[in-house]
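We call the chains A, B, C and D, going by the order they appear; numbering starts again at 1 in every chain.
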Amino acid sequence: MEHTTIFSCKNITKDFSGMRALDSIDMDIKSGEIVGLIGENGAGKSTLLKIIMGFQPATSGEMYMNGERFSPAGTRDANYKGIGMVYQEQSLITNLTVAQNIYFGFEKKFRQFGIGVNWKEMNEQARRVLAEVGSGEIAPGKKAGELNFATRQMVEIAKVLNSVRLSNADHYLILLDEPTSLLNDNEIKLLFKQVQKLKEEGHSIVFVSHRLDEVLELTDRIYVFKDGKGVGQVETKKADEATLYEMMVGRSTSGEYFKIEKQKEPGDEIVLEVKDLALKGAFKEVSFQLHKGEAFGICGVVGSGKEELCSVLIGDDKPTAGTIWQNGSQRKFSSPADALKHGIITVPKERRVEGIVEIRSIGDNIIISNLDEIRQGCYLSPGKIKDIGEQWIDRLSIKCTGVDALVQSLSGGNAQKVVFARALQSSCRILILNHPTRGVDVGAKEEIYTLIREITAQGISVIVLGDTLDECIALSNTVMVMKDGFVTKIVDAPKYNKPDQVKVAQFMM
Amino acid sequence: MQNSSKESITIAEEFIRETKKQEQRAIIMKLVPIVLLIALIIIFGSITPQFLTVSNLYSNILEQLSILLVTSMGTTFVILMGGIDLSTEGMVGFAGCFVGLLVQNSANDMNLGILGIIITILFSALIGAGIGLIHTKLRLPSFIITFSAGYIAQGLGVLTYKGIPAAILDEGIRNLYFHKIAGLPVLTWIAFVVFFIALFLEKKTAFGRYVFAIGDNEKIPVMSGVNVNKVKILVFVWTGICFGIAGIMGAAKLGTSQIYIGQDLLFPTLTAVVVGGTSMSGGQGGVVNTLIGVLIVTVLQNGMVMAGVPNELQKGVQGLIIISVIVLSRRRSRKQIVK
Amino acid sequence: MKKLLSVSIALIMVLMLAACSNEGDSGTEKKSTSSELTESSEAPKPTESAESTDEKLVIGISVRNIENPYYVQIYDAVKQFTEYMGEEKFDIQFIACDSSDDQQVSDVQAMIARGGKNTVIYIDPNNAAVCSSVAKICEEAGVYWCSVWSYADGVYPYNFNYYAFHQTPGQVESEKELCLDMFSQFEEANKGKILAIKGLEGNTASIDRFAGLNEALKEAPDVELLDSQNGDWNPQTAQTLTTTWLNKYGADEIDAIWCANDEMALAVIETLKSQGLNGKIKVTGFDGITDAVNAIKSDDMFGTVGANPWLEGGQGVAYLYACWKGDLDVTSLSEGERCFYTEPQILTKENIDDFIKDYIDNSPEIDFDNYMDMIYAPLELE
Amino acid sequence: MMQLKNKVKIKVNSTIIGTIALILLVGIFGMVNSSFLASNNIGNILTDISPLLTMAIGVTFIIMIGSTDLSIGAVCSMSSVLFVRYAELLGPGAYLLVIVFGLFSGLIVGLLHTQFKVPSFIASLGIMSVWQSLSLVFSNNGTIQLNPKQWYLTDWMGSKFGLLPIVFLISIIVAMVYLFLQTRTSFGKKVFTIGANERSAVMSGIPCARTKVLIFSLAGACYAAAGIMFVTKLASGSPNLGDDFTLLAIAAVALGGTSLSGGRGSVINTLIGVAIAMVIRNGMTVTGVDGFWQKIVFGSIIIIAAYMTTDRSNKEQVIK
């Protein structure tokens, strides 16, 4: 079918109080094409999406939707013009039903005697909408809170599709912001199928992701952003990870992406031993040994029990069976605080929710795990906090205005570094990294890998739950594979003889 | 692979069993308030047989809860939204004083009758709107704004009669209390009408859903382009209406228009809402819960007098019961954050 | 750091204010306070009278709650006094403490701060204990004051120079009289069952009035007090209690419902009306507010104790005025002239018409010159 | 980055604006009636401020962690009653008794809140009514006077140090201690962290439960101290003298600009908030605002003052 341009924007520029976030961006999207949008965090991807959705006006430049000038006053307005967005952080209201979520804000359609709403009718409609995105099995009457992430994602898409359908445009534009970050591989496959289906119907999709492989797999064309500028677009056929990476970061990717050459051999001393550990409904019969300075990777799909295993190890959950041993003595952690006393701390998965304290300063964020050591008597010197903060800021090269800067003003990567700084400042002996590079841009990723190597070199043992399989394998000395709550395999991953991803993967599926 | 897959079923089963268990526990906990209510009735009944008489359980308690029920219906929505309303006593008192001066009364020669009632309700709604506007536009916490609004309303109320309360002579209003339908004064029936309106608003309208959404996570409705401020203002308007009606009922009961009409309503109202199972953080609960809460509070007060619990101990007993309800009716997961 | 800075700002400011407001403050605190006062408001020593200056006399009236008609009548009486003396010389301040001891004491302090020595204070203590603090404050500030209804144990006017007098219609006594009168009119004289609605738990007025009832009960052993609860001065509560009781004991079991004040009594009557029991069950109140008087006239209410706000307020303030002006030296007065009963008015069907004639239809003539007439009988303080 | 700079600026403002508002009020009242500024009236205000300030300071940390406490007034009343009742028996020991009681009360609320996950609002509401009942029992349902023989116990607090009443100095010392805790101790850091993001606090190994219980206990002690201050002023203890102060104290904290959602605020702001509230109350009487109007004026000024002091810099922040 002929590909007409349905959306285009001409030199869009956005200034935030003097700082230029977007610099004259041009973009054309034809009907029935999937466009990838990649770039490091802070490259301006989300800013552009926000402008398109009408959250904030552009400082200058125009946008056109289906040929006519387009300057949305808000989300709803954008919807009416045929543009919808699936947000990175999920936007379903957990205590409302699926149907109520899908039609949230559009209840007028189901008006009943004046102000009432006909929920039955709404559920019917919702069932149809869900069926269209191939999730007919989802019960519209179910509370969104009771669904798992993957299903919610589908509901999200259904919701967006439904809202753009209000515009009588024959082709829609759907923006997907990091849609895969919470999904496992099967779910991702399912998602991609849906996206392809939309494409065949002649709609257009903008796909934003940190995972280059996904972008390459799914898209037709890729726009690359860097520091708020468009640094070019490439036909996906002609592109490969290396070139994209180069465009994004401005330097060529290298084999040492994972700093494998820096990998050290672990000591023999066993710092943590787990015997037949179990948590009802999550995992069973988990046993392993963690050596001094070892990087111990745990692979497994979502639901394999690896997450729960972590929260037991840091004392956030109590095991229902089995024992944890540390240098010969058994441990029963009553709380993360208790675990920290024994030198175990975590870099949690949900950074904004359980990692950083947004409205506090960088300095405060770094010291809070280590207060008892840096205070003199009951006095806590601000100067000391400042020093410690500054040390970490330049050791991890955290980009910020100073130790007093609030963490909420930092980009994802830098915020993550702050969390690392806190963990290390706590002088822990065992560090549990739960998706340490989630939502972190390529540049920062590399720095974090280097950091992890340094940590292990210092003799700190690390448990890694990788964001991707290859990352996990590459980082670890030993890889434990979990499936449905059981350990299915423990393989060594020495420096120059890493196990093959495919082999590892087959123990996961 | 074979064996692991076999065992994996057991894990899956375990998981399902766990979730099932939790769901069951949740259901049981949902029932705690109503169980407590029944328990109270039985206990008081066994202490004083007069308590279990129809005249007490039906005409007496239902009549006594009417005003509390109306105020709670208003406050429930604010709390569902995650806010709080402290203006109850002032607003109700004011409405009571205000209506007295509009209908036939001993202080002035006004005689608007039913119109007076309507004006009062509209005026209360207006104050509610004012509160909502200040809350949303000036971005002041509902706590502080309703706290002050309470003072102002109270002042206005006193100002209307400067110490000499007007006796209400209007038959229409007085009959709300004197005239009985099926053994209950009209105002009790009004209270139940208000309850069903509230129920309708909660269950059957988009407004109700928005209130829950705001209570759950305000950012999302904003993102979905819902006019959150409008909803918030409407909630306070509704609250104003409820307080207005409550005030009129109080005036009808007392026969004079004085600020006392609102006295000692704030904490019982909040207690009723919370004990019913509506969470202070918003997003959970509803008007049905509140109805049960109101019943618990009223039965307690009535029952303790019936059972002759010493005056000074009554409050304490009430407090302990409140705490124990909440302790029993809460799921306590380790990771849950409670403020 | 910034915070520390701004707190010091705040503090410095307060100190500054304090400082600038009294240059040359010296000597021990008590003395200096009073001396400053005379500076800040040039009032001469009370003995050489106040006419010489154009300084106004602040008449401070501190009462429990402004919503109560009884207090409003006192206010009127005081107004009448000022009109009689010539308004421009006075400045009436009428404040309710909303049943908070702390607020009441603060108000007294504030009023003194306002008028300095040119202040007299008429106080109806929220709780008796308040008097002891007020006595201290006024003695230090040299301000004449009087208490109505209740006094603090061990704090008696004749032990102070500025605690001019204490007056009361005698809550206990008159309440007792009213109750006995009521008991005698039960179908079977002095035999029956009654219920009592007290005021706010722990409140002096409530306690005294209830004491009155108990005195009466002692003398009428056949009258049984079925139950007594707190109405918290709240008419609504009174109504709830009534409905509950009617269910518990049954209407014909109950001969009378005793209430600690008229608002609650009237509310009870409304409830009785709704069940067609008004008049059948006797109700008594306290204060003698207009609506209560009407209720008595229409047989809905048995009776109430009418305090005489015009006497208490009008002549009371006249008394204080004389002290302030220097015409009267309280220290030379007898104890009986400084602690006394005012004439109690027990209002029932019999005397209600005269009362209406004298006090409702035409507001009474108050003899401000012979204020000592208000003394009905001396009050022995134990 | 810019946005953050603004925030720092705003933070200073909310405090300074508050101070300005206070000065304005004082100025206005002073102009209307010069005797408002008379040193003895200033003395009055400072004395009146003291109890409320002490309570408000106590509840400040509780509000900073996003919780609330309704037991303020009840604990205060109960303490006054206990103090008066046992003054004769224990002499100076009464102070100890009362403070211990305060700690104990806070401990219970804290444990209910942390161990049984009862929302602080309800836990404290329940405890409130329990103390209300018990204070009636201990006072035999009445106000109990402090026997003049025991006045010596409290008189020293009533007296003045230079211009400043001792009670005021005490409350200021309490405030300073809290300020130190807030800005210069690990305890303060924990408080803020819990308030700003409790989940993060847990994950970074802060003993939240223990910290919270400590906060509530300290607060309880503050309320109890306030109770003694009332005894100083009234020479008596009463089972309901604290009731009106519960909401007033919380309002004063909010008035100062401390966010009720937790994580933001300061003891300083509370100091200002309390000062504003009390200056209004006293000022209205001194300047002779008609009793019928006082509530209206009070309410209105509170709104205006709150509008001036609340930090609205962060448009994202959700206001409940």
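One rule holds in what follows: a contact is a pair of C-beta atoms (placed from the backbone, for glycine too) under 8 Å apart; a residue touches a chain by one contact, two chains touch by 3 or more.
All of these numbers come straight from a predicted model, not from anything done at the bench.
Colleague: Going by the touch criterion at the top, tell me which pair is linked by more C-beta contacts: B-D or A-D.
Modeller: Between B-D and A-D, the larger count of C-beta pairs in contact belongs to B-D.
Colleague: Roughly how far is chain B from chain D, centre to centre by C-alpha average, rounded to an integer in Å?
Modeller: Roughly 28 Å, centre to centre.
Colleague: Whole-Å distance, chain A centre to chain C centre, using C-alpha means?
Modeller: 71
Colleague: What whole-Å value do you get for the distance between chain A and chain D if each is reduced to the mean of its CA atoms?
Modeller: That pair's centroid distance is 44 Å.
Colleague: Rounded to a whole Å, what is the gap between the Cα centroids of chain C and chain D?
Modeller: It comes to 31 Å between the two C-alpha centres.
Colleague: Which chain B residues reach two or more other chains?
Modeller: 158, 162, 311-312, 335
Colleague: Where does chain D touch two or more other chains at once, residue-wise?
Modeller: If we look for residues of chain D contacting two or more partner chains, we find 136, 141, 183, 199, 202, 292, 294.
Colleague: Where in chain A do residues touch two or more other chains at once?
Modeller: If we look for residues of chain A contacting two or more partner chains, we find 316.
Colleague: Name the touching chain pairs, please: which are they?
Modeller: Here the touching chain pairs work out to A-B, A-D, B-C, B-D, C-D.
Colleague: Using the touch definition from the top, list the residues of chain A that touch chain D in their complex.
Modeller: Within the complex, chain A touches chain D at residues 16-19, 314, 316, 335-337, 339-340, 345-346, 348, 353-360, 364, 367-369, 371-372, 375, 378-382, 400-401, 404-406, 408-409, 422, 426.
Colleague: Using the touch definition from the top, list the residues of chain B that touch chain C in their complex.
Modeller: 48, 50, 53, 55-56, 60, 63-64, 67, 158, 162-165, 167, 177-178, 185, 250, 253-256, 258-261, 263-264, 301-302, 305-306, 308, 311-312
Colleague: Flag every residue of chain C that touches chain D in the complex, lowest number first.
Modeller: Touching chain D from chain C are residues 2-4, 6-7, 9-11, 13-15, 17-22, 25, 29, 33, 36-37, 40-41, 66, 91, 93-96, 98-103, 105-107, 109-111, 113-116, 127-130, 132-133, 136, 141, 152-154, 200-204, 207.
Colleague: Show me the residue ranges of chain B that touch chain D in the complex, using the header's touch definition.
Modeller: That would be residues 81-84, 86, 134-135, 138-145, 147-152, 154-156, 158-159, 162, 218-219, 267, 270-271, 274, 279-282, 311-320, 322-323, 326-327, 330, 332, 335-339 of chain B.
Colleague: Sort out for me which residues of chain D touch chain C in the complex.
Modeller: Touch residues, chain D against chain C: 11-12, 15-16, 19, 22-23, 26, 30, 33-44, 46-48, 51, 136, 139, 141-145, 148, 159-160, 163-164, 172, 175, 179, 183, 230, 233-236, 238-241, 244, 266, 268, 271-272, 275, 281-282, 285-288, 290-292, 294.
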